[in-house]
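Note that chain A is present in both complexes that follow, paired respectively with chain B and with chain C.
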Partner chain A sequence: MNSRIGYIAFNTFREAVRDRVLYNLVAFALLLSGAAILVGEISIDVERLVVVNLGLTAVSLFGVVIAIFIGIGLVSKEIDKRTLYTVLSRPVRRWEFVVGKFFGLTGTLVVNTFFMAVGVFLALLYVAHKFEKMDGWVLVALYFIVLQFLIVCALALFFSSFSTPLMSAVFTFALFVIGSLAEDLRGFAKITQGVAGGLATAIAYLVPNFSALNVISQVAHGDAIPGRLILYNSIYALLYSAMAISGAVLIFQRRNLK
Partner chain B sequence: MNMTATGRVNLVAMAVLLFSMAGGMATLHAIDQLRRGSVAQEALYLRSSKVLRRLSLGYTGLLADIYWTRAVQYFGEQHHKGSGDFRLLAPLLEVTTELDPRLLPAYQFGANFLAPKPPNGAGLPGSALALMKYGIEHNPGQWRLYYNLGFLYYTELKDYAKAADAFAQGAELPVTNEFMPILAARMAQHAGEFDTARMLWFTTYQSTKDALVQENAVQHLRALQVDEDVTRLEQVVEKYREKTGRWPLSIGDLEREGFIHGTPADPNGRPYKLMPEGRIEVQDPKSLYFITKGLPPGAESPEPPRETEPNSKP
Partner chain C sequence: MAAIEILDLEKSYLVGFWRKRPKVALRRLRLTIEEGEVFGFLGPNGAGKTTTLKLLMGLVFPTAGTARILGLDMDDPRVKSQIGFLPEQPYFYDHLTARELLNYYGQLSGVPAKGRSARVEQMLARVGLSDSAGVQLRKFSKGMLQRVGLAQAILHDPKLVFLDEPMSGLDPMGRREVRDLIQQLRHEGKTVFFSTHILSDAEALCDRVGVIHQGELRGVGAVAELTSKMQGKVEIVFFAQKVPAGLASLGAEARVSGDMVNAVLPEAQQEAALDVLRREHIKLISLTPVRRSLEEYYIQKLRPTEDRKEDGRKQESRKGVGV
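This part shows the complex of A and B:
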């Protein structure tokens, strides 16, 4: 990464911290510690399952919300505050600005996820009194959640490169919902014939597949995640993010900022 | 004391905030009283696991945990009230297990909630059976589910043959509990399937190095022999009566007429007793654990000392 991208990424991260984005960790900690203590009282024999399911679901949803609401403002905020012109008047290319913003936001989310992961493991230790070998797969689920953030950040940035913040949020959230139901969409495409079938198949492959990145239920039951799935999901997330960021760069390069 | 304008606004705002908060809570409490039971009824509107699965955006594990907790709370509340109305229990458990078919506690405890008669349970052994079968279908390697199924057949449905079958299936799994074959054999014994029971107890004896389990198997094999001997001897007595028109006066009568060869004895070597009206009894019932036949009228099968019966009861 060149130093200009690094600076922009670091500043994006610093700005997110200054905007008190990491305050969500307090809500997360309260949610998880409350669940860990309460679940034994109100349910039967599912303490570990609840900690893993609730913890990872919260990590994922908190992160997606942050990715969307920070991501959609990354470009528009700089234009509104006219700081973009200051940045671009320096030897910083437009693509470096977009890529730097992307890395800054994903960096924020990785740090956020790290602290949440610590919280999940502490809650696990609280309910189970010890770590087990199968708890290691929770790390894989967390890694997949980070991959999910890469895609959401890239999409938010893509939409914000040409649309208003509100519409960018709507588009990104809609794609998150559709992508979470990607397997249903594929199933629908398979049973549909003709032009509609072709269109459904094209859409099914174009929208991000978040369902493959969601292995929360499996790791909650201690299932192993195949190495090939880890590899393919990593490649898929990187390629999809690269695709969306490239689209954002292409649009931003042509955008009239006057 | 003079108060600034800002101070006055702060005071009024604080008072309105506290009043609104307290008033809101009181109103909500009144609404809850008015709509008592309607919160649980809402489960019926969302009982389609397919709809819930899509609404959950793939976070089905958490939703299943929530539904399971809701089922536990619902059962606990109805049970606490002494209500016989458990109509939402089966749908709640269905949704739970369809959202996460591998949530074992939902099957294990859920069947125990569903099967017993009210007020201890929902009195729905059929639903409990369906739940267990669904669980086994989706978790075929879990011996605990076969155990629960056998337990259900044994305690609620009194179907010993099917209980034995469930325990035997669970006993054949690669990862199982050493008492599964013991239970299977016991059920088969209750069902009168002596050969099955003998085979399972013999397998139990052979497949374990645990002295207590082996001793337990031996005791059951001895009981099985008594049960079978008594059954066979009573049939012979009946045949004697059909042929001669009278009850035999002693076991010796059966031998003299050629119905049996030699004097039959229990595993302790004590000859069986012929009682009035053709009943057969053992001489010392207290020395033969687990027997179900050959006992004096009204007597129950003696239980072995705890050290020879290592928690093998269902």
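This part shows the complex of A and C:
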């Protein structure tokens, strides 16, 4: 990696940590430990299912909220506060700045997810008293969640490269919700004819397919995740993020920093 | 070689919500700054000083024209490693300490890892922040931030330094320190291009100044030349408690303060005025020709074009009186 991108990424990560973003882990830990204790008391035979479902859903939601709310401010905050002026007056290209910011935020989310994953596994251990082979699939679900974060970060950066932080948050969150229903949208597109069908198909394939990246339910039931899906999802998330980041770079390259 | 060659640089923005119309921020600016020169870019707020600096830094893009910096096209990435920039009212990453910020900027500027820490400490000492180096910038005062700003601008030993209102928000001591720093940069052979509306600073520091108003460069000249222009008047200061009667008849504008009188009168009446003082046995303190101040030049350049033309005509008709 270009060293300047690395420096910008590290600074972004350090800023997030010092701005107490990782404090969300405290809320997460409280939520999960409370749930685990409660589930241990009231559930019979489904403790694992409930903890995996609840834990992974919380990991996903906490991460998405962080990705959106930090992501939308990554560029606009630097313009508003004019911190960008002293960065771009150095031998730093605009694309390096955008990519560095992206890596910094995804790095923050990976670290955040790591700690939450540890929490999920501890809760699992608490309710089941031991790990089973199928718990390994939880790691795959966590990997898919990180892929979701990549896309959400890239979209937040893309929207914030030309829009206000509030509108960027609305657009990104809307796409996350629509994308979570992408499989249903694709099903709807298949049974619709004419212009509406064409439009539905276009939207269904244009919005990020977050539903394909959501395997929480299967993993909670102990179902295996096919290797092919892991490969396809990885390629899909990387390509989609790369496209969104390229869009952000193209817009940001031409932007006047008033 | 010219350090900066601005070649008809122009910038206009589209303003308005529905019906966008262009608003000119900078009109066909043509200006050359030589290497080693300290150049002051003067003008009131909103004159186009910051726009010019942002164009040169590549933060905004020109509508027309271009510039060459240190012999390279202003878009050439190699330019950025040879220049330093202090924006107006700088704001930095407030989660970082002064030391961390300078280290980060050193990394981005390509300062080699070996010796970077020493360079950072050296810069902190130079701007008087060694004691606060480990404090987060969110706890810094405006003056301290300005010092950090100066340190980051010269951290990588640039050949050319751009400073946007470097004295803004500083107390008299802070202003003095910044002035000293600019003088040091001059002695090190650096080129300094700084914008200001504090004329005394420009007069004390600059080799040349340019006056910009409403996006238009109104005049450029060497400070020494501009301020040496005679006004055709002399100022006489002497000990007295009232203005001698003979002096008033020579057309003197006199002011009494305590035991001293300060009188300004046409140069042609100088000998007659001295005769009056001798006759009255008044002790002379000083006699100096009245020179034009930078402020007068500045104000003249800021006036509307017609007024300035009228001024020019008047001055032409007064022999020996400058621009």
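By definition in this document, the second predicted complex is superposed on the first by the 256 of 258 C-alpha atoms of A that agree within 3 Å, B and C clash if a C-alpha of one lies under 4 Å from a C-alpha of the other, contacts with A are read in each partner's own complex, and residues count from 1 in each chain.
Here is the rule we go by: a contact is a pair of C-beta atoms (placed from the backbone, for glycine too) under 8 Å apart; a residue touches a chain by one contact, two chains touch by 3 or more.
Everything numeric in this text was worked out from a predicted model, so none of it was measured.
Partners chain B and chain C, brought together by superposition on chain A, fit side by side with no clash.
Of the two partner chains placed by superposition, only chain B is touched by A:Ser60; chain C is not. Contact with neither chain B nor chain C is seen for A:Arg186 once the two complexes are overlaid on the shared chain.
When the two structures are aligned on the shared chain, A:Asn256 is found in touch with chain C, with no touch to chain B. One geometric descriptor of the composite model is the angle centred on chain A: between the Cα centres of chain B and chain C it reads 160 degrees, in steps of 10. In the superposed pair of complexes, A:Lys77 makes contact with neither chain B nor chain C. In the superposition on chain A, contact is made by A:Ile216 with chain B only, not with chain C. Of the two partner chains, chain B is the only one that A:Asp45 touches; chain C does not reach it. With chain A used as the common frame, the shortest Cα distance separating chain B from chain C works out to 23 Å.
When the two complexes are superposed on chain A, none of the residues of chain A touches both chain B and chain C. Contact residues of chain B toward chain A in the complex are 54, 57-62, 64-65, 68-69, 72-73, 100, 102-105, 108-109. Chain contact summary for the complex, chain A toward chain B: residues 39, 42-46, 49-50, 52-54, 57, 60-61, 176-177, 180-181, 184, 210-211, 214, 216-217, 220-221. Of all residues in chain A, only 3-4, 7-8, 11, 14-15, 18-19, 81-93, 254, 256-258 touch chain C in the complex they form. Across the complex, chain C meets chain A through its residues 13, 54, 57-61, 77-78, 80-81, 83-85, 87, 89-93, 95-96, 104-105, 107-110, 149, 152, 156, 162.
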